[in-house]
Amino acid sequence: MIDILAVDKYNNLIKLDSIEGLQQGDYAWYWIDFNQPTDTEVIHLSESLHFHPLAIEDCLQQLQRAKLDYYDAFSFFIMYAIDPKDLSQQEHDFFLHEDYIVTFHKQPSRQVSQVWERLIKMQAKDIDNWGPYRIFYEISDKIVDHYFPLIYELEDQLNEVEDNPNEEAMSVLLDRLFDIRHQLLQLRHTINPMRDLFYRMLNSSHLTGLKERRAYFTDVYDHLLKLSEMVASNREIANDIRDNYLSLNSHQTNEVMKVLTIITSIFAPLTFIAGIYGMNFVNMPELEWEYGYFVVLGVMGVMAVVMYLWFKRKGWF
Amino acid sequence: MIDILAVDKYNNLIKLDSIEGLQQGDYAWYWIDFNQPTDTEVIHLSESLHFHPLAIEDCLQQLQRAKLDYYDAFSFFIMYAIDPKDLSQQEHDFFLHEDYIVTFHKQPSRQVSQVWERLIKMQAKDIDNWGPYRIFYEISDKIVDHYFPLIYELEDQLNEVEDNPNEEAMSVLLDRLFDIRHQLLQLRHTINPMRDLFYRMLNSSHLTGLKERRAYFTDVYDHLLKLSEMVASNREIANDIRDNYLSLNSHQTNEVMKVLTIITSIFAPLTFIAGIYGMNFVNMPELEWEYGYFVVLGVMGVMAVVMYLWFKRKGWF
Amino acid sequence: MIDILAVDKYNNLIKLDSIEGLQQGDYAWYWIDFNQPTDTEVIHLSESLHFHPLAIEDCLQQLQRAKLDYYDAFSFFIMYAIDPKDLSQQEHDFFLHEDYIVTFHKQPSRQVSQVWERLIKMQAKDIDNWGPYRIFYEISDKIVDHYFPLIYELEDQLNEVEDNPNEEAMSVLLDRLFDIRHQLLQLRHTINPMRDLFYRMLNSSHLTGLKERRAYFTDVYDHLLKLSEMVASNREIANDIRDNYLSLNSHQTNEVMKVLTIITSIFAPLTFIAGIYGMNFVNMPELEWEYGYFVVLGVMGVMAVVMYLWFKRKGWF
Amino acid sequence: MIDILAVDKYNNLIKLDSIEGLQQGDYAWYWIDFNQPTDTEVIHLSESLHFHPLAIEDCLQQLQRAKLDYYDAFSFFIMYAIDPKDLSQQEHDFFLHEDYIVTFHKQPSRQVSQVWERLIKMQAKDIDNWGPYRIFYEISDKIVDHYFPLIYELEDQLNEVEDNPNEEAMSVLLDRLFDIRHQLLQLRHTINPMRDLFYRMLNSSHLTGLKERRAYFTDVYDHLLKLSEMVASNREIANDIRDNYLSLNSHQTNEVMKVLTIITSIFAPLTFIAGIYGMNFVNMPELEWEYGYFVVLGVMGVMAVVMYLWFKRKGWF
Amino acid sequence: MIDILAVDKYNNLIKLDSIEGLQQGDYAWYWIDFNQPTDTEVIHLSESLHFHPLAIEDCLQQLQRAKLDYYDAFSFFIMYAIDPKDLSQQEHDFFLHEDYIVTFHKQPSRQVSQVWERLIKMQAKDIDNWGPYRIFYEISDKIVDHYFPLIYELEDQLNEVEDNPNEEAMSVLLDRLFDIRHQLLQLRHTINPMRDLFYRMLNSSHLTGLKERRAYFTDVYDHLLKLSEMVASNREIANDIRDNYLSLNSHQTNEVMKVLTIITSIFAPLTFIAGIYGMNFVNMPELEWEYGYFVVLGVMGVMAVVMYLWFKRKGWF
């Protein structure tokens, strides 16, 4: 679907049906939204709008990395929203010019819809403050604001793994930890290039329309800085938790080994002695002694106590 | 609560009741402190003081990252004190201008109170050295100075974990180590952005009022540099201690295993032999031999000694 | 083999048999391809084309690192394609000038062949858009595009190792993981110097012919940036998977140890008691008791249950 | 103690008793050394010499990080010598000006004493080459030269841990390794800020007196670069040694485990069989067979050999 | 030994016996080689050649870090060849000037000898292309070229450790791996400062004589870049191999543990039961049953099979 909004010099908002309609009127600026375009609609990018073939190629291809290119006639941006369901990337392409903005997205876009809805309900006097750069800011601000709940969700999961309120087995926790780390990596691959993109924007001399709204784009950049730090720090905390589990595990193995060794060390010799006097030799003088049995029991008891004290002194328990 | 101090051109300090009062007098400079402001008081930021909406948004929102923004009329700072009880961040916002400073904090602030108390007790001649930048310096200096005892406390805990004077179990120590590392991470998230903020301040061309007090702000920056190094180095020491525990643990497991294996290796064959002669076959010639029992005891003794020497030669104990 | 294509000022494409033929005609530009050259053919680089000895040395030597050198008369590039069969590097050397391009490769080159085939099928009017820099771009674009399937293949292998659909043994998986990490390292050694090479190209003031096609070379650079990030991130994921396997392994060792210790702890004392009453002393009063056997069986049962409950309470299973 | 040396324009060296004496004479330059000053002597820094309060604060405070501050009238340096006994830091403060140098140290200073002794024994004609910057260079050169033996000592200890000539237990070695790593960390905290300080000095436009002795200060900087590399590389070697110990330990645990498992696997079934024929059932036909005992012995022998060969084929020993 | 070669303006090569001889002739340029100089010969550096004392100090001292210093009259370089026998550093010092080069080395130098031999065999017309900078280039090129075989050798050793063709024990392999990592570290300490030195040279404005041979020095720099990458990547591969060994080791420990636990779990209860019926109580009714023995044998068989199936279902083998 291709949606078109045009604004005339009296700040009236006009909805158009086709790109050709734009040439006929006399408009201050306009916004074309390629919303899940069909293959025939995509052709308008080159045929009607005459964008550079490399920019169109970037629209259609999946490179998965935010970017900014300056062409003679316009600036071209790729940004990525993140789908909260599966953390997949939702590409948003922008062709930005003083007099127009073209947005392009193959999936439905919450962010674009919200801005579109807000704009079409607006009064002519409020529309005076709007334009292609304002629309570009509003959409990118929404894209970035929507990253936060995703990280908060992962932080909560991390806290749950750390505190383990449901007493889950260590193997389950390690598996969840691994998934959290994986998702943090995915977020980083979206957020860090977005951050670098905004840094380039803020330090660019090409984007004249951005200057008067600099404070606004800086605000988005601050959020991206914070997001990027949150991802890095949560990965570090996830590493800490894993190392802690491993430490405790290795410590526990040690404790279990000690129990095993103590048990074995006490009973192996005792069982051996019992085995001795269970032998059937005809000539075993001790067997005939009246108190032989009690002497052996006594010796066994002494051995057990000595062993016990020896391990105790070695600090094994 | 909104507290207001104004200074007239004769260096007299006047306490005002409302922001409106400032327009009526003729003041050299003034300080407005939003101390745990109510929602109605917050409205003064936009209605009476006409600050930029993005700066006000930053005041009200929780971004948790020190920052500095230049607006046309003023500079805007966010700094974070740390609550010694739980290491939580206490946001302090500053609207700074040659002629005024506005401080904003949602919790009570020790740092702001101390400076406020000092100022209101001051003589007119001393007030000559004061002004918005001086107040800004004094508060931020206090915020940073209060970081030190927190790190010293963690260093002490780290030393205690290393020396283990109370002979606590390794699992307890590893747990405390994990908590210390976590807290160092939290401190780093406050301190490093503060350090970067002061670096930007010192290298900024916007902050003219800072130039004459450059040496003072550099002093704060030095402390932040040192703090940031202390955090990094303590994390490294914490890692070293953990790795050391793990090494010792893995070494100890090895030692325990050797004891177990020696015991088993000596008694398993002996017990087996005793078992042989405990069998009830009718035709077992050795059982009839007069000295059969003593021969078997002798063989067992020799086997035990050989085993013992073999493990000794392998260097197992 | 030395293949030569020359273009005259009417955009006619002429195939020549020898380098000497170039001096005789009047050509707008030409392309010489040294395709698996013989030792006698290599001599043309110095004798006929008079290239700088260091550039020729770099052609013949194996340094295995993409590079760019500016000589007075021409620019010299080394790029590396990767053989999909064994990830070995296939060196491509370029001598680039406004009026000519010389390509040199010791193995057959898919990338060069594809561009060559496309060019010789072309109409005179299309050839107008071509020239040495265009040929250079087309070959390098193909070289870089061919990296992607190699990384996708490794990503698929990594997913297979992570999900382990064929339930292979951990030792097999660890071995495959090690190979994947090794191959990622090999790719990085090709891709990162290529990326740095394109960065230098784009920021160079020497390459005037590159300016009008800047957007095209930037497009290749973007791909190299993405590739380099993919390699880094896949190495990180491979590390995560290995750490996860190790964690699970160490956890499993712990579980196995517990089973062993429980079994041993329950049966060692029981077997010892049975051993006691298997001794053949003549005076062992318990043996004569009518219910001695049943009392001992009862005691054994109680001991087993107590042990079981004790381990249960310790949370061992 | 406050020691004062002044040099007049004829290069005569005069020892003065008090700072006040300096105002009375006409001196080319002078050196004041605050050697373990009392609290009353410290007051001279502000009262007589009128240094900036922040510089004086830095003198008295313990920040433990080398630094350089430019004040209007002088440059202020903090450097740290290291006490060879316990690697503690010995702060040296310098107030440096074209016409004077003030040194300040709370402990006795070997480095200052050596330079002082050398200077007071000097002839007037040699004193011509001296001045505040020369004294500053000589002391800092000595401070840095004294770092080397400390690192060489740690390197020797590291080699001893690696070669283990006295066959000490692994736990002792790991403990010593941990201490060495700790001390390397301490050295790094002194050396790296010193290195950064000299880098700043060499690239500063403020220190005009340094220019004519640039080669000398560069020489000190080279030593600091080398020292900083030595520390980093020794920490890396220490890590390598620890990882090697852990690898060998884990390998050894594995070997011990195999011995245990082989012994158990061979004797557990044999002992079980002996136990079978030790049972006292009245009807056990095998017991009556004439060669039953020898058959069972034979079966046991075969089982032991088969087990042995099976473990051998699995490559367990 | 001090060897001297001088070239007059007709490109004749003259061998001189003493440094004093140089003043008497009229030479275009000359080369003095201090080859393992005696203490008396060393004095010529200051007495006859009047080099800066800091440069002479650097010659005589062992700092072990490549460096470049600009003095007024000359440039001073320290480079390190590596002895293939023990990877020890062989210091080469260069005093370089448009009109002379002085080389200084305390050990015999293959690199210097090779260049010397080549030069003295040369015709006058070839000598026209030579001069101090050419000699400096030729020696440093040789020093760097000789690094390659050392790394190739370590790479081969690494491959051998990885493939383990002689089936050596893991402990032996880990030990060799440790040595390889150690040697890579040593190489890095020589190569990286050499690389940084050439980078500084190529970006220096002082070395005018270098400009006309820039391509040659860039070629050496490329080799150093490649070498430095090879060292880094081989250390990474060595880490991968070690981690792989450890993973396999830990996995193997786990497998061994399972065998032990299965054996113990099957035979401990069986042996206990046999022990029960080996007891000598007078009243044990089962012993009198006609088929008691066979029932017990049957129960034991069932227990063994159940245990076996249980471990099988748990996936233990």
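So that you can tell them apart, the chains are marked A, B, C, D and E in the order they are listed, and the count of residues begins at 1 in each.
To be clear about the criterion, contacts are C-beta pairs under 8 Å (C-beta built on N, C-alpha and C of every residue); 3 or more make two chains touch, one makes a residue touch a chain.
Chain by chain, the UniProt names read as follows: A, B, C, D, E = Magnesium transport protein CorA.
All figures in this text were calculated on a predicted structure; none of them were measured in a lab.
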If a chain touches chain D and chain E alike, it appears here: none
Distance between the centres, which are taken as Cα means, of chain C and chain A, whole angstrom: 25
Chain centre separation (chain C, chain D; CA means) in Å: 40
Contacts with two or more other chains, residues of chain E listed in rising order: 250, 252-253, 257, 260, 264, 268, 271, 275, 278-280, 284
Pairwise touch network: line, ring, star, complete, or other: ring
Cyclic ordering of chains (reference chain D, direction chain E): D, E, C, A, B
Contact set on chain E toward chain D in their complex: 52, 54, 57-58, 63-65, 67, 69, 71, 170-171, 174-175, 178, 181-182, 185, 189, 242, 245-246, 249-250, 252-253, 256-257, 259-260, 263-264, 266-268, 270-271, 274-275, 277-280, 284, 286-293, 296-297
Residues of chain C touching chain A in the complex: 215-216, 218-219, 222-223, 225-226, 229, 233, 236-237, 240, 243-244, 247-248, 250-254, 257-258, 260-261, 264-265, 268-269, 271-272, 275-276, 278-284, 316
